[in-house]
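Below are two complexes that have chain A in common, paired first with chain B and then with chain C.
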Partner chain A sequence: MHNAYSLLEYMPAVFRALGLTIWLSWLALILGAVGGLLLALMRTSNFRVLRLMALLYVELFRSIPILIILFFFFYGAPLILGWNLTAFAAATAALSAHASALMSEVIRAGIESVGRGQWEAAQSNGMTYTQAMRHVIGPQAMQVILPPSVNIYIMVLKESSIASIIGYVELTATGLVIREAHGGGFAILAIVALLYFIVCYAISLAGGVLERRMKVAGSGLQMDEL
Partner chain B sequence: MNSFTFNLRAIVPYLGELKMAVVTTVAMSLSTIVLSLAIGLFFAVLRQSRVAPLRWLATAYVEFFRNTPLLVMLYFAYFMMPVIGLRMSPFQSGLVGMTLHFGAYMTEILRAGLIAVPNGQYEAGNSQGMTSLQILRHVVLPQVFRTIYAPLGNQLINIVLGSSLTSAIAVNEIASWMQTAGSDSFRYFETFLIAAIAYAVLCQAINLTRIFIGRALFPDNR
Partner chain C sequence: MMNATPVLKIDNLRKQFGSRVIIDDISMNVVPGEIVCLVGPSGTGKSTLLRCVNGLESIQGGQILFEDKPVRAHAKDIIGVRKRIGMIFQQFNLYPHLTARQNVMLAQVVVHGVDRKTAAERADHLLARVRLSHRADAYPARLSGGEQQRVAIARALATNPHMLMFDEPTSALDPETVGEVLAVMREIAQEGRTMLVVTHEMRFAADVGTRMVFMDAGKIVEEGPPRELLAHPKTERAQRFLQTIHH
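So, the complex of A and B:
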């Protein structure tokens, strides 16, 4: 029972848990991209109040640990707001709130990288704000946005491990549960760490390829690919 | 749902523990900063080495720890210590996990700084009869410092934020205080608010210090 070989029995459960980790982080990234887009549009808008609100949001997430936000959603929200969030919902909320802050910075940099002349050209063609964003600014900004988004995804994937602290049984929590069942030791945690590494490293390699390809190929990407 | 009333006074009995928690967070962060800088400098120099296996070792270290969650590393350190016969407090094993994780980021920051120093600087040092250590100390590091100043500041903040995860391995720092005081008093929002403010003050203190020292040291930047 106490040898490394018997850990193999748990592998199907570990891989299922890895699936949950990827699902949770992917969901948080998508929600974070939507929130980030909204925040970035606020940051680049002409209204000072909107700009300040978005700035405050981003700065807040730079100064408060994500774990504290998670505790707020899981323990605080039921008492204050009357929301009874499951561990999964609380983790998704906290992770996407953080991802929104990160994505907004990247998307803002993307929007700002597009020259002023492009805005003026779009306006002089009678385009509305939405049309200019959708057809002129968005596709060009995408080149700047996509490569760092890969890094944000890796960050969110690693960060999703904190869901284990509030009892959502994803990869990290599964490792801890198996460790208990297996009579201690740390071999299973090494396996868990290795799995995180393989997935994250593979994504970062793919991100590197993407980054090189985009530099050469130029734009041609659509806003919906975010 | 019963109506929620905001009551900060309910938190007063827990403020003594909060003080200890803040001290623990600061101690953990400062120790991590010092140790991860040392490890980072070691591996950054290794990554520049002419001996290929040493470079590979440093690259493997950086890539492994940058692509694994800090929390998993903390659990790993926490559970590994007793197995290999080391008796460590949660604080100490937390420090090991934090140092290994953030050391990898420090390596990358320092490496970027080292790369930014042109080769001619090393040659100039050499031609003055300096040893490699002297060149590192008097010629290279002062220039490295300038390049890494801004990313280093961000990393210090990340370390403070990351130290919150050590609550998972029973280190009684601020996040852990929030959880215990919150569950004890059932005043989660108030404890959340206090903990958030405590972290924000620590992080902004680093941020503002960075900006002011930066202005004094590099007046021509920005």
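So, the complex of A and C:
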């Protein structure tokens, strides 16, 4: 039997694995935000076909368990689409697909929270759709979008542990491997849990700070370019 | 002046929301330098008329020509029309995430490609003209209604529009701030700008307006020089309306 002290020698591997977890979830969040923005613009567009396509996507990926989405990309995609994805790529795709469905709803709510008068002022000022979105609607929507986005990131970070199932050795998988090597027990999993908690809590705190900074200036976001 | 080429030509305009007719066969011209005051009971299509001219509403019949170009709400060239028209809204619609100065700068920079320094100078100049230099760095939430509307006027003037449209600019204001907004509007009027103003301020219309157009139920009922129309309305409907206004 090993003692708890000998777990220390595994710590470099654990922290490397934590890095992979953060990298995987960050990548999924970025891709999810980009996809979510596109979906939200489709959902709020004047074209019915675009609205329906986005709606279908969102409802689909919101309603399927993330594990099944992951299996689809890892086991299904090679058969159906001929894509041979690595475990990392499949996990990124699955997490992004799920995150984008959730982000699109948050971004859509943000866009719709900005009153019609703002669109009309921007249009009357001669702005195109893109200019109005970027300079008038977007900055105001951000205040509504940011708080739930932090929650989505925390969720994605925790969801990324399912990548361990298809053999991607991130934090959870590393904990399980060490546990085997260490003759069972729960100590290493407690450490893994603590690391998840610390990272998630830090993100939550950082989100709170960002949110407060946005509210400080009287009524909203500062625009650095003006 | 009446022989000049119209800047705005409206021919047989019809606007419907579903089966409800809001504007019913309206024709009118506005020539450069004219200050046309649209008056009449609420819900008679005065604001809708302005919104049609700016392409914020689609039209169901007739046509609108601004500087000889047709105004079509969803066409690409509507941007060109809007760039040359300044619009002031009843609810101000300032950008709440930007300071007063940034509100006046935004369209200059984003739409007209003016460099930031020039845009800021012009913003400061215009804020001085609406007597708000001391509030240039304030966000709209920190400004009174009258101050917000004066910023909105500066914002509309920033891109040097060929026509200004005011949609009940003082209707959402506290009585004590109405005067400061009207004072600014009088000054702008004296510069010879073309203005189309929907208002219930009859004194303002009489003093500043070059023409008054009385609308009811989506139609132009009567028009003429403001003082004349106010003193001697010819139609029974205008008489009734003006009686309620004068008390």
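As a working rule, the second predicted complex is superposed on the first by the 216 of 226 C-alpha atoms of A that agree within 3 Å, B and C clash if a C-alpha of one lies under 4 Å from a C-alpha of the other, contacts with A are read in each partner's own complex, and residues count from 1 in each chain.
One rule holds in what follows: a contact is a pair of C-beta atoms (placed from the backbone, for glycine too) under 8 Å apart; a residue touches a chain by one contact, two chains touch by 3 or more.
Nothing here was measured: the structure is a model prediction, and the numbers come from that model.
S.K.: In the overlaid three-chain picture, which partner chain does A:V136 touch, first (chain B) or second (chain C), both, or neither?
M.R.: The second partner, chain C, only.
S.K.: Quick check on the superposed pair: does A:S100 touch chain B, chain C, both, or neither? Answer first, second, both or neither.
M.R.: After superposition on chain A, A:S100 lies in contact with neither partner.
S.K.: Tell me the contact category for A:I68 with respect to chain B and chain C: first, second, both or neither.
M.R.: In the superposed model, A:I68 contacts chain B only, not chain C.
S.K.: For chain A, which side has the bigger count of touched residues, chain B or chain C?
M.R.: Between chain B and chain C, the winner on chain A residue contacts is B.
S.K.: First (chain B), second (chain C), both or neither: which does A:G117 touch?
M.R.: Second partner only.
S.K.: So, A:M127: does it touch chain B (first), chain C (second), both, or neither?
M.R.: Second partner only.
S.K.: If you look only at chain C, which of its residues touch chain A in the complex?
M.R.: 54-56, 79, 82-83, 85-87, 89, 91, 93-98, 102, 105-107, 109-112, 116, 138-142, 155, 159
S.K.: Going by the contact rule at the top, pick out the chain A residues touching chain C in the complex.
M.R.: 117-118, 120-128, 131, 135-136, 139-140, 217-221, 223, 226
S.K.: Can you list the residues on chain A that touch chain B in the complex?
M.R.: 60, 62-68, 71-72, 75-76, 79-80, 82, 154, 158-162, 164-165, 172, 175-176, 179, 184-186, 189-190, 192-193, 196-197, 200-201, 204
S.K.: Give every residue of chain B touching chain A within the complex, in rising order.
M.R.: 1, 4, 63-64, 67-73, 75-76, 79-80, 83, 157, 161-162, 164-165, 167-168, 175, 178-179, 182-183, 186, 188-189, 192, 195-196, 199-200, 203-204, 207
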